[in-house]
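Multiple structures follow.
The following pair of complexes shares a single chain, subunit A, combined with subunit B in the former and subunit C in the latter.
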Partner chain A sequence: MNLKRELPTTTLSGFALSGLLVLTILNILLQNMPTKIQTAGDALLKLNATEGVANAVTTVVVFFRGFDTLGEIAVLFIASLGIGLMLHSNAKCNIKVESNFMLQTASTLLFPIILLFGVYVMIYGHLSPGGGFQGGVIIASAVLLLLISHKEFEVPHSVIVALETFAGVSYVLIGLIGLFVLDTFLGNFLPHDISQMGLLLSGGIIPIIYIIVGIKVGSEMSMIVQNLIKRDHDV
Partner chain B sequence: MTGLIILLTFMGLIIVSFAVITQKKLADSIILFMGMGLGSVVLFFIFKAPDVALTEAVISAGISSLIFLMALKHLGEQR
Partner chain C sequence: MFEFFNQPEVIKTIVTIGSMMLFFVGLFGLLTRKNLIKIFISVAIMETSIFLLFIGLTFKIDSIAPILDSAHTDVAMMNDPIPHAMILTAIVIGMAVLALGVSFAIEYFKLTGNTDIDKMNEMRH
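And now, the complex of A and B:
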């Protein structure tokens, strides 16, 4: 009786049960372990040449796993939506400290360059490291620089709405066209000859989809950043 | 040579992450966290993942540090 009171039996039995479960799952996993773990992506990389895209990572992300990318973009949209719902305010500006002259001049000079670099990373995503996600985030960082330096600057809401709607709808539309033409969602229905590999216009729909992803990610991240900076302080 | 760079970056990352969790001021932790992001950018690049390195560079230096700093500002006003 005394012993039962001193020992936290519920917690201990919970620990024992979860340990047993972990051991069982570990045992099952170890028995069914594939023999060649490090060659898991080789089958996909061998297929890469059929799409005529120089950057193999882009082919995997946008084409072989294109449906997952659609889901990732939806997740980012929901995150942006939540932040907008929680932190949106109509106040013009909540930054009390005035940014200094150096930051204002430098950001005016640097903004077009960063924007251009973001667009370059986005458009050349199928040829060199980079792509839609990276380019979109770089564009959002350019917007962030303007937001912290210019008090009156604000990304127009209608532009964000138009860009995001266009990007989301056209991603699904391209997938549906592929479904009708080639019987596969996101099928590569544009010409993608392997002899064109390395050119800017190569790879069929893959660069188009990555540019769409870049537009969507850029507008969503810009909106997140703006909502975080210009918000009511009594939230 | 590459092995040496990897080893030094790993050791630096471990030291910086200890510094991150032991700082008294939260603002110092955030600045050091950005440094940790820089170290992982080097590691990603050495391990032949330039795409990930590019993303990590932009996210850790720009966006995530902004989010942390904004949260810190909000916390400081509430205290």
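And now, the complex of A and C:
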């Protein structure tokens, strides 16, 4: 009996060969990249100053690709909806075990601090690294901490519905107001002077939209983790 | 000895080869594992390699974050913000797809008590 595990040489050599091919093609593509692609970032950074927002990544995500971000949060909403449909259970009982006293106290103490940090990251998204997506995920992590430590805790469904509806509707409404005022969807119709750059109230609609994105991402992620934790009693 | 690694070509080569190795680790797991959850984790590893490739290829030596203020106005020394924004989108979409796939796997396990893809024969009859 051969105790040595047989190496799948055919599979491994096939992997090595395809890896070599991909590397070669990638190298050719990178060598022949048009110079316009390489300078697109600098051009965007120069354009970024006209919007009065310090963080260039925020301007790209929310302003230059704002319509794309609207589609992205729609994808996130559809994923959250699908998870809710798949893991929905009528049985109101969950099999979460009772956690100990220290975990409960510590998570109760930490929850407001993590929530505050998430809101800070969300609101200062146009001035410092961070933004709506990151802040929303931090808020969802605070909710997850409460969900795993408190047996009875549950995010109220009506609050999530209200927050998600508010965020989605106001994103589209702000875009439509821009369409009516400036003839562009998501046009920056609020004052965005370059002299205000670096202040909290700067950049026109960009920080407002990022806060809306943060509310939507936070509520959807909280719903996703709650649906993944909640289980039927027969499994 | 570390001056050698400070050349842009060397950094780009290391990033490309490393992320491609990670990509093929994920692909190997995707093709050889039988467990549904492990397959989804392999897809997540492949996604991570692409994020690393995008961010690593646009890295410049001695560059700063693309955040303008009164002290940092040199646009040429800033990192390219476009890949950062693209990868931000890709991370969110990848997370949503992973969570949805895992929830499908959980529901399939609830219905059949099985996560092995070789034993999936519900559609055969």
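Some notes on this structure:
Note that in this section the second predicted complex is superposed on the first by the 190 of 235 C-alpha atoms of A that agree within 3 Å, B and C clash if a C-alpha of one lies under 4 Å from a C-alpha of the other, contacts with A are read in each partner's own complex, and residues count from 1 in each chain.
By definition in this document, contacts are C-beta pairs under 8 Å (C-beta built on N, C-alpha and C of every residue); 3 or more make two chains touch, one makes a residue touch a chain.
What you are looking at is a predicted structure, and each value in this text was computed from that prediction instead of being measured.
In the superposition on chain A, contact is made by A:Gly130 with subunit B only, not with subunit C.
Ranking subunit B and subunit C by residues of subunit A touched puts C first. When the two structures are aligned on the shared chain, A:Val121 is found in touch with subunit B, with no touch to subunit C.
With both structures placed on the common chain, the touch criterion links A:Asn227 to subunit C but leaves subunit B unconnected.
Of the two partner chains placed by superposition, A:Ile174 touches none, neither subunit B nor subunit C.
When both complexes are overlaid on chain A, the residue A:Phe15 reaches subunit C alone and has no touch with subunit B. In the superposed pair of complexes, A:Leu76 makes contact with subunit C only, with no contact to subunit B. Once chain A of one complex is fitted onto chain A of the other, the partner contacts of A:Val60 are limited to subunit C, with no touch recorded for subunit B.
Of the two partner chains placed by superposition, only subunit B is touched by A:Ile138; subunit C is not.
Of the two partner chains placed by superposition, A:Ile212 touches none, neither subunit B nor subunit C. Shared contact residues of subunit A with subunit B and subunit C: 57, 129, 131, 133, 224, 228. Residue ranges on subunit A touching subunit B, taken from their complex, read 57, 121, 129-131, 133-134, 137-138, 140-141, 144, 221, 224-225, 228-229, 233. Across the complex, subunit A is touched by residues 50-51, 53-55, 58-59, 62-63, 66-67, 70, 74, 77 of subunit B. Those residues of subunit A that touch subunit C in the shared complex are 11, 15, 18-19, 22-23, 26-27, 30, 40-42, 44-46, 48-49, 54-57, 59-61, 65, 68-69, 72, 75-76, 78-80, 82-83, 86-87, 127-129, 131, 133, 197-198, 217, 224, 227-228, 232, 235. The touching residues of subunit C, counted against subunit A in their complex, run 12, 16-17, 20-21, 24, 27-28, 31-32, 57-58, 65-70, 75-76, 78-82, 84-85, 88-89, 91-93, 96-97, 99-100, 102-104, 106-107, 110.
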